[in-house]
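The structures come next, written out as structure tokens.
Each of the next two complexes has chain A plus one more chain, namely chain B in the first and chain C in the second.
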Partner chain A sequence: VYQVFESVAKKYDVMNDSMTLGIHRVWKDILVHKMNPSPGTLLLDVAGGTGDIAFRFINYVRSVRERQLQRKLRHHQNLSWQEIAESYQEDKSKSLGDSQVVVCDINKEMLKVGKQKAQYLGYSEGLSWVLGNAEELPFDDDKFDVYTIAFGIRNVTRIDLALQEAYRVLKPGGRFLCLEFSQVSNSLLSRLYDLYSFQVIPVLGEVIAGDWKSYQYLVESIRRFPPQEEFKAMIEDAGFFKVDYQNLNSGIVAIHSGFKL
Partner chain B sequence: GTARLSRAEPRAGDGRSEEEEEEEVKEEGCYQLYPGHIPTSPLQKALLAAGSAAMALYDPYRHDMVAVLGETTGCLALPNLRDKMKHHPEGYRILQERPRIRLSTLDMARLRGLPDGTLGREYVRFLEDNKVSPDTRMPPKFVDDEELAYVIQRYREVHDLMHTLLGMPTNMLGEVVVKWFEAVQTGLPMCVLGAVFGPVRLSARKLQVLATELVPWAVRSGRNASCILNVYYEQRWEQPVESLREEIGIFPPP
Partner chain C sequence: VRCQLSPPHRALQGSAVLRRVSDEQKEPLASSQQQFDSHPTTHQPEQEPQGPRPSYTGQGGQESEDYESEEQLQHRILTAALEFVPEHGWTAEAIAEGAKTLGLSAAAAGMFHSDGSELILHFVSQCNTKLSELLEQEQKLVQLGEAEKKPTDQFLRDAVQARLRMLIPYIEKWPQALSILLLPHNIPSSLNLLTSMIDDIWHYAGDQSTDFNWYTRRAVLTGIYNTTELVMMQDSSPDFEDTWRFLENRVADAMNMGNTANQVQSTGEAVVQGLMGAAVTVSNAEPSRAVR
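And then the complex of A and B:
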């Protein structure tokens, strides 16, 4: 799996857009909206490689923070000029409101691409990049408010271990969120989806990234991943409560959610 | 289990060929005919052909796309070439012995030591002047016949020798001229497309030279020459380039 992602890292984002016709952006937006993070949240994004979830998290938290500040200003309309100006200084240094996201990935190349993207897009504060294995996270217990893994868990050899690690590093009350390809129930859609996956995606891989084999692997790994209910049971086995899932696009993708209580 | 589409794989247009060396297994995945072979369905080949053509035009440095285009569109031309080789004594020997042109198989020191004007000496000079190596040729992936895969591999490896025989450098202009020659010689759609679309990126002055002198010469030579794949180059390093040109039927370069 490591070598697959080494060659895949640079063209990862281009391939994602081509394969999903840009829809993966919507899926990731939905994930962060579902998360509904408030300023001050500490997020761990595992297999977060090129930073898609991390950047969305930061944008979301920033806009929530801005709204908070605007509300505060409205209440302060009876203050003097100086007092208002002083409160700007204080708030400016906390544009994220102490929110932080740690992006953890097993692959150096993916992290490198992520860091470059962050620089290019102008993200600086609130981001940390850590090399780590989902099956054995380099973090202490009870640390994070939210744990996300988007399109990463199907590449993990021992999914149960990854789920256990997720449970361990989350604070009590913390939330587990997983965005992943899942099983399509509608049989017509399923046939079209299979056709597209097996016929078109490896071709896209060859033409865009010069790499047929990695994308053939990708399509096969999607088929091998457990269906929604089975995965839900696995999450429950790791100790999570209130485990639920939400199908997107009839099950092409699903968001599983669970809480550590 | 994985849901794979089963399809009857058409033998690449060679209904006439009696030599069915391989067992035709109808299951994808158990179908690797040679190392590096990726079996593909007709739909995939069509998509690959279109995609690689578009990408090759968009980014001319994607030599791998040119290679893929050649493989996916060569289903008529390749058997044709193979048959030409089979019916020629030297070509037949090449098909039997399957020589490969690679830095590991070439004795560069010996070739460099040959007298000026010989094929070996001029070939090495060409490689060094243009800073190219025979090892950068892509191995075939999408050709569904092991022998045809060798034919296209041989075509690729002989390409640099074409440059040497035609006296063309590896800049855009030189490549286009060689493509015209190869298009006439092989009939590979990839060569034809390369010959027609290659000039798009050339300046007007170069286009003029191309159109008035180089292309007509390349086409005439291509037509006049015997099949270039039927020459056992590895056994002719000592032969003077001019004599080989005459033998094959390539007119002297302008």
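And then the complex of A and C:
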């Protein structure tokens, strides 16, 4: 698994766009919307290498924070100039409202690409990059508000261990969110999808990234991943409650959600 | 559908937050436990997933522990969230603040719909329960001879007033709540709560009818309640005097209508007018923020 991602790291984003025809952006947007994070949330994004989820999280929290500040200002009709100026200053310094995201990945190359992207796009505060294994996270218990893993869990050898670790590092009340390829329910779509996966994707892999094998592996790992209900049961076994899933594009991708209660 | 007996380690670990149910609740769970023990390995797809969590009896004869169900925890969160409504409105933010007071992460608000529907429905249901208890107590006093039985119009006025007074702490954000309750996906629940509350009031008012009048009385009182609620939204008089006067007049009108055929028609019209007025007033009263 490590080697696959080493070679894939640099072209990861480009490949994602071409394979999914850009829809992966929408999927990730939906994930963050579903999360609906409030300012002050501490997010752990596992296998989040190139930072897609992290950046979206920061954008979302920033806009929520702005709306909050605007609402506060509207109530400040009767304050003196001095007081208003003071409140501007203290709010400016907390544009994220203490929210933070820790991006954890097993692969150094992916993290490197992520850091470069962050610098390029201008994300600086509220971001941390940590090298770590999903099956054995280098964090204390009860730390995070939300744990996300987008398109990463199918690459984990012992999924049950990763789920247990997720449970461990989440605060009580914390949420587990997983965005992953899943089983398509519609049979016609399923045939088209299979055709696309096995014929087109490895070819794209060869042409764009110069790597047929990795993308062949990718497609096969998608097929091997347990279907929605089974994965839901695995999440429940790890101790999560109110576990549910939402199919996107009739099952090509599913978002599973669970709470540590 | 988590019906299989979980492996012993789960019973020991328990859950991080769901706390133990007090002993009084052990009784009703006993029967479901019987059913459970006799099917150690088969799944029971029929079992209510929302019911109270059955006790876990591990293989080694461990202590059976009852934990509150997720639903009960959700109720606790919503109740805690109510105190933040005047500040944040009926939103996911209020729910997040409520969760934080219980020691949970704000992410727990993700369990609920992001438009705050469940919070409002929870509140309405709580108010209805309080009203029932109040009416029950009053009835007891009458039965014990410690209080006079009120005439019907007085009774209705007092009941509606008592119920509407429960809105006073949240009155500023109530128009927002009303508009959310009118959303298509909420209408079944909100209508349900409304009709059962009206039924309750008539029940305690001593309504014995089983004939056609049953419907007209419900419709009439529903109309009175809804229109009075709307008047209250726009009332700025001290202690809402104008609203109570309006209520008095409406109840008096209703009493005078009598059992004539006209009553049916005018009731229908009044109800329709009331609903139309509701829709218009609500959409005007709230500077509409996009309802997410």
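The criterion applied here is as follows: the second predicted complex is superposed on the first by the 261 of 261 C-alpha atoms of A that agree within 3 Å, B and C clash if a C-alpha of one lies under 4 Å from a C-alpha of the other, contacts with A are read in each partner's own complex, and residues count from 1 in each chain.
Note that a residue touches a chain if its C-beta (ideal position, glycine included) is under 8 Å from a C-beta of that chain, and two chains touch if they have at least 3 such contacts.
Keep in mind it's a predicted model, so treat the numbers as computed, not measured.
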First, second, both or neither for A:Arg175, with chain B first and chain C second: second
Chain B versus chain C as contact partner of A:Val207, first or second or both or neither: first
Which partner, chain B or chain C, touches more chain A residues: C
Partner chain(s) touched by A:Asn186 [first = chain B, second = chain C, both, neither]: neither
Which of chain B and chain C A:Ser257 touches, first, second, both or neither: second
Contacts of A:Glu236 with chain B and chain C, given as first, second, both or neither: second
Which superposed partner A:Val146 touches (first chain B, second chain C, both, neither): second
Shared contact residues on chain A - chain B and chain C: none
Residue ranges of chain A touching chain C (in the complex, touch as defined): 34-38, 40-41, 145-146, 170-175, 236, 239, 241-242, 257, 259-261
For the chain B and chain A complex, residues of the former touching the latter: 2-5, 38, 41, 43-44, 47-48, 51-52, 54-55, 62, 64-65, 68, 141
Chain A residues within the chain B interface of the complex: 194-195, 198-200, 202-204, 206-208, 210, 212-213, 220, 223
Footprint of chain A on chain C - complex, ascending: 2, 10, 13, 15-18, 70, 73, 92-93, 96, 99, 102-111, 114
